[in-house]
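What follows is a pair of complexes built around chain A, which joins chain B in one and chain C in the other.
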Partner chain A sequence: MRRAALIAVPYAWLLALFLVPFAIVFKMSLSDIAIAIPPYTPTLKDGLAEMIRAFDFENYVFLTEDDLYWKAYLSSLKIAAIATVLTLLVGYPMAYGMARAPEEWRPTLMMLVILPFWTSFLIRVYAWIGILSTEGFLNQFLLWTGLISAPLTILNTAAAVYIGIVYTYLPFMILPIYAALDRMDGSLIEAAEDLGCSRLSAFWLVTFPLSRGGVIAGCLLVFIPALGEFVIPSLLGGSGTLMIGKVLFEEFFNNRDWPVASAVAVILLLILIIPIVLFQLNQQKQAEADR
Partner chain B sequence: MHALKLGMSALALTATVATAEEVRVYNWSDYIDEELLTKFEEETGIDLIYDVFDSNEVLETKMLAGSSGYDIVVPTGTFLSRQIQAGVFQKLDPAQLPNLENMWDVIEARTAAYDPDNAYSINYMWGTTGLGVNVGKVKEVLGEDAPIDSLALIFDPANMEKLAECGVHFLDAPTELIPAALAYAGEDPDGKSKEALAKAEEVLMAVRPYVQKFHSSEYINALANGDICVAVGWSGDVLQARDRADEAENGVEIVYNAAKEGALMWFDQMAIPADAPNPEGAHKFLNFIMDAQNMAAASNYVYYANGNLASQEYLIEDVIDDTAIYPDEAALDNLFTVTSWGAKDQRSLTRLWTKIKSGT
Partner chain C sequence: MRAAHFFWDASLNTPVFAPWADPDAKPLIRFQNVTKSFGDFTAIDDLTLDIFEREFFALLGPSGCGKTTMMRMLAGFEEPTQGRIELAGRDIAAVPPNKRAVNMMFQSYALFPHLSVWENIAFGLRREGKDKAAIAARVEDMLKLTRLQKFARRKPHQISGGQRQRVALARSLAKAPKLLLLDEPLGALDAKLREDTQFELMDIQEKTGTTFVIVTHDQEEAMTVASRIAVMDEGKIMQVDTPDRIYEVPNSVYVADFIGDVNILDGTLTANGENSFALHYAPDQAPITARSDRPFTDGQSAHLAIRPEKVAIHKEKPEGVDNLLSGEVLDIAYLGNLSTYHVRLPGGQVVKAQIANTRRLSRRDITWEDKVWISWTFTAGVLLDQ
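Now for the complex of A and B:
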């Protein structure tokens, strides 16, 4: 009985915070646009039976008719995947360095990784506008050093979006990898080296496989939010950066088409579920391995 | 202002035991002289809660979701008209608005296209969409006879190819750019048919590669700093950029021109939501704003023209004598207005805009 009650609490949260909002969005995706408050029909005011009778999958059919939507999904997948790899390339050495640093430095290093979170995410992205613009700090610095003779155009390009995503999600990559590396037994490396491994092959044969759980967790923590990212591409990206988050915004705000916007959101969620399930499986495996 | 609010409510408490009356206003950002807000509180003893937004779409979404809690909102005419259809607003009560007599019939005649008989709204500010030009840079690139007052500046690919070097921004607003493209092509700027959209597409696709960014507010800073040399923008915003450049004394000279082929004229209208908590207070606010001196103070501050004829005698010369703000008779004839987009047309429009911006 107590056990059941204990389990019921997290499931109640899940129901209230995830399933109910999803049901509302899903319901909206089955309705039609209308000039009214709220701007779709039918609603519960029409009665439950009437509402269910009026439901249809028209909006989902519509999504398949225009290549914009799948192009935007694909482009988001591509941007999220590239950004995840870049974040890994930057984050892994940092996590490795932290795990190898003297014991007494580690809390400070950890603190430095977390510190940016104390400032609003939006302000940090805005700061990048000041850094990357043609008259920005970066260009002024490069011009001053004489490395370039004309300012580079970085802001409003895909490069700026990648910089923004890598910067924003870097801590999510570093922390799980650091946790995995920190747990690793240092004597394993010594053993590998005693058995004739070079430092490099010891890293690839011992360190990296042991940190794989952290790498997977980090990659998913970056990939999933990057896929639906809206703020970074709209502030740093150019008009050519096609992402599903932006398409969603336009459906909702510009077209006032809440039903189609909801259908886009439902599909996005379905696409996201695959990596989320992978993440869960990985976590479970990890937990079992630890036991 | 907080101290003042406290003082006012203390006064209200001693006078009557009734709870402090509130009016909640939702207006565009940087769109009023804040001293007016204090003045309203002092005159009426009503607490004024003033919030801001920066896009019609955000406002509309709030309105359509219902129960926004605001007593006054300020949509643009084209948005207002379909929100009236959706039942978002309540009719004004002229008996509570003696200052209605101050309003300018020239503007009222035009806003009636969005709000028949002006039954639901009053005009707050109006302006035009045109060309913000960094004169020095553009002449450097295109030569002395650069067409800085013509849509050819932004829609002729030959010009745009050269201007791309120094940077061009377009408003990220299809409802502003499509009419301009149609005006350039010699079509009816209010066209919404498939053929009209195809014409506009042709014009815009030809210059799209040379547009650095589609954005509706960044151009103010970008123009003022000299980061870009041309922006398609709103009159008052470009004038703001001009003043910022003057203040910075950075040698950047900005000029605003409504295009000679015709420029879009728009109207920001104050209206009362149907579910406003305090419609009586809202009427008091509207009447306060329509006072000639108050309206003049607002225009003198934001550099936009208003729809209040009586206010004109209190306007500073910088505002009333600037034809970029108050166009003369001939220029006024050159301005056009557009109607709102229905749901289906709107979808084609947004889709076209995505295509223009992203190439997909």
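Now for the complex of A and C:
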């Protein structure tokens, strides 16, 4: 009885905060656009039976007809994947440095990683516009040092989007990797060296495999929100950057086509669920093989 | 060359391995005035020590005396703050751990949690770039030696503490290094397996000629396996000697007390013959006579260390014994094969006498509060000045 009650809490949470909203969005995606409030039809006001009868997959079919959508999905996947790898390349050394730092320094370093969260995300992205624009700080600095003679165009390119994503999601990469490295017993590295490893091979054979859980968690924490990212591509990527988050926003607010926007969102969710499920299955299989 | 380290022992009629007694022998390991400090704490204090090739060298000492620190310096994980460590005549300060012909078994085992038992043991062999078949054969040998064949596929968290210890041992043995450092290698094993493994280690040592340095908290183990024992205290070596000499001729009360059970009687000395001294241990008692090769001055205070098994206990006053004392039985500890009688002397000191239980319990005639006599010979005890 008590066990059931205990399990009920997370399930209730999942139901209220994930499944119910998803059901609503899914229902919307089966509707048709209408000039009404809310801007789609049918709704429950028409009666349940009538509503279900009027559902169709028209919007999904529409998504396949206009190549804007699949191009946006693909481009989002590509940008999110590259940005995740870049974040890993920047974040891993930082997490490693933190885990190897003297004990008394670690809380301060942790603080520095979390500190950016204390200002609004939007303001920080705007600040990047100030840094990256043609008249921005970065170009002024590079011109001043004489490294370049004409300002670089960074803002409104893919590079700016990558910089924005890496910057924004870096803490999500660092923290799980740091947690994994911090847990690791330092004598394992000594044992590896004792058995003939150089520093570098000890890292690849012991440290990295043991931090793999943190790396995977960090990558998922960056990849998933980056895939649906809207603010960064809109503000830093300009009109040339195609991402599904931006498309979604435009469908909802510019076209007021809630059903199509909902269909876009449902497909996005499916795209995200597949790698997560695959990852879970893999974990389970490994746990079973271990036993 | 090696034959030079063997001396002929006439009493045993066999050659004895004793390179430390040979002034020409070159040590494999040489600690020269090595000091190791952590901040303002001195873990190893001006330590000088030679360990020879093919030795089975045991480090004994209380927790925190610096045994692991010594091993870590040999393996290359700590640098001496002062002094120099030589391996085969070369200063090893600049040699990184992975380039030393030394393998260490860690006190914490340090098994790789993401690798199976098999892969843990193969780890060092793979780094050498040996071919697959040779590695597999060697790992199989190690698994058999440590009786882990059944667990080869498991991960370290899926086996017991004693099994983990054996994996750590197998992993350090696998590369057959010139020098093996074993930090409490057998502590978690049951008595039977421990004894078997001790003999296996001695066997390996004999076959491969590997030099072993072993840390143990088990004196019996040190006595069984070691060619020499170093007794340490607070970063210093108190005595280095063969097991029998450590036991029979300790050089200090500390060593005598640390190894085995001992009675210590304090008093002042007067010479009463060549190499013979009288120890005045109580004002109204006749002094105890003891032989000593070490010189003492008259009136010097000293301690007589005598092992309980060298003290005889009598119900009737015996005749013709060297030292005879009277007392009262305070306590009897029954240990199965042995019994220890705690006898209180008139001056209040308690002397333990240990007797083999050759008769059944009910037939023994000495019991609590009996007046008894205890005796020992001139040569049974050791006179110590510190």
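Assume the second predicted complex is superposed on the first by the 277 of 291 C-alpha atoms of A that agree within 3 Å, B and C clash if a C-alpha of one lies under 4 Å from a C-alpha of the other, contacts with A are read in each partner's own complex, and residues count from 1 in each chain.
Here is the rule we go by: a residue touches a chain if its C-beta (ideal position, glycine included) is under 8 Å from a C-beta of that chain, and two chains touch if they have at least 3 such contacts.
Quantities reported herein were computed from a predicted structural model and do not represent experimental measurements.
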| item | value |
| --- | --- |
| When chain B and chain C are modelled together on chain A, clash or fit | fit |
| For chain A as apex, the angle formed with chain B and chain C - C-alpha centres, to the nearest 10 degrees | 150 |
| Partner chain in contact with A:Asn282 - chain B first, chain C second, else both or neither | neither |
| Touched partner set for A:Glu193, first chain B, second chain C, both or neither | second |
| Chain B versus chain C as contact partner of A:Glu250, first or second or both or neither | first |
| Partner chain(s) touched by A:Pro39 [first = chain B, second = chain C, both, neither] | first |
| Touched partner set for A:Asp67, first chain B, second chain C, both or neither | first |
| In the superposition, chain B vs chain C on chain A residues touched | B |
| Which of chain B and chain C A:Val206 touches, first, second, both or neither | second |
| Minimum Cα separation, chain C to chain B, after superposition on A (Å) | 47 |
| For the chain A and chain B complex, residues of the former touching the latter | 33, 35-39, 66-68, 71-72, 133-135, 156, 238-242, 247, 250, 252-257 |
| Complex contact set, residues of chain B against chain A | 55, 57-58, 60-61, 63-66, 82, 85-88, 167, 172, 174, 211-214, 225-227, 343, 346-347, 350-351, 353-354, 357-360 |
| In the complex, chain C residues that touch chain A | 75-77, 96-98, 102-104, 106, 108, 110-114, 123-124, 127-128, 155, 158, 171, 175 |
| Touching residues on chain A, where the partner in the complex is chain C | 185, 187-188, 190-198, 201, 205-206, 209-210, 290-291 |
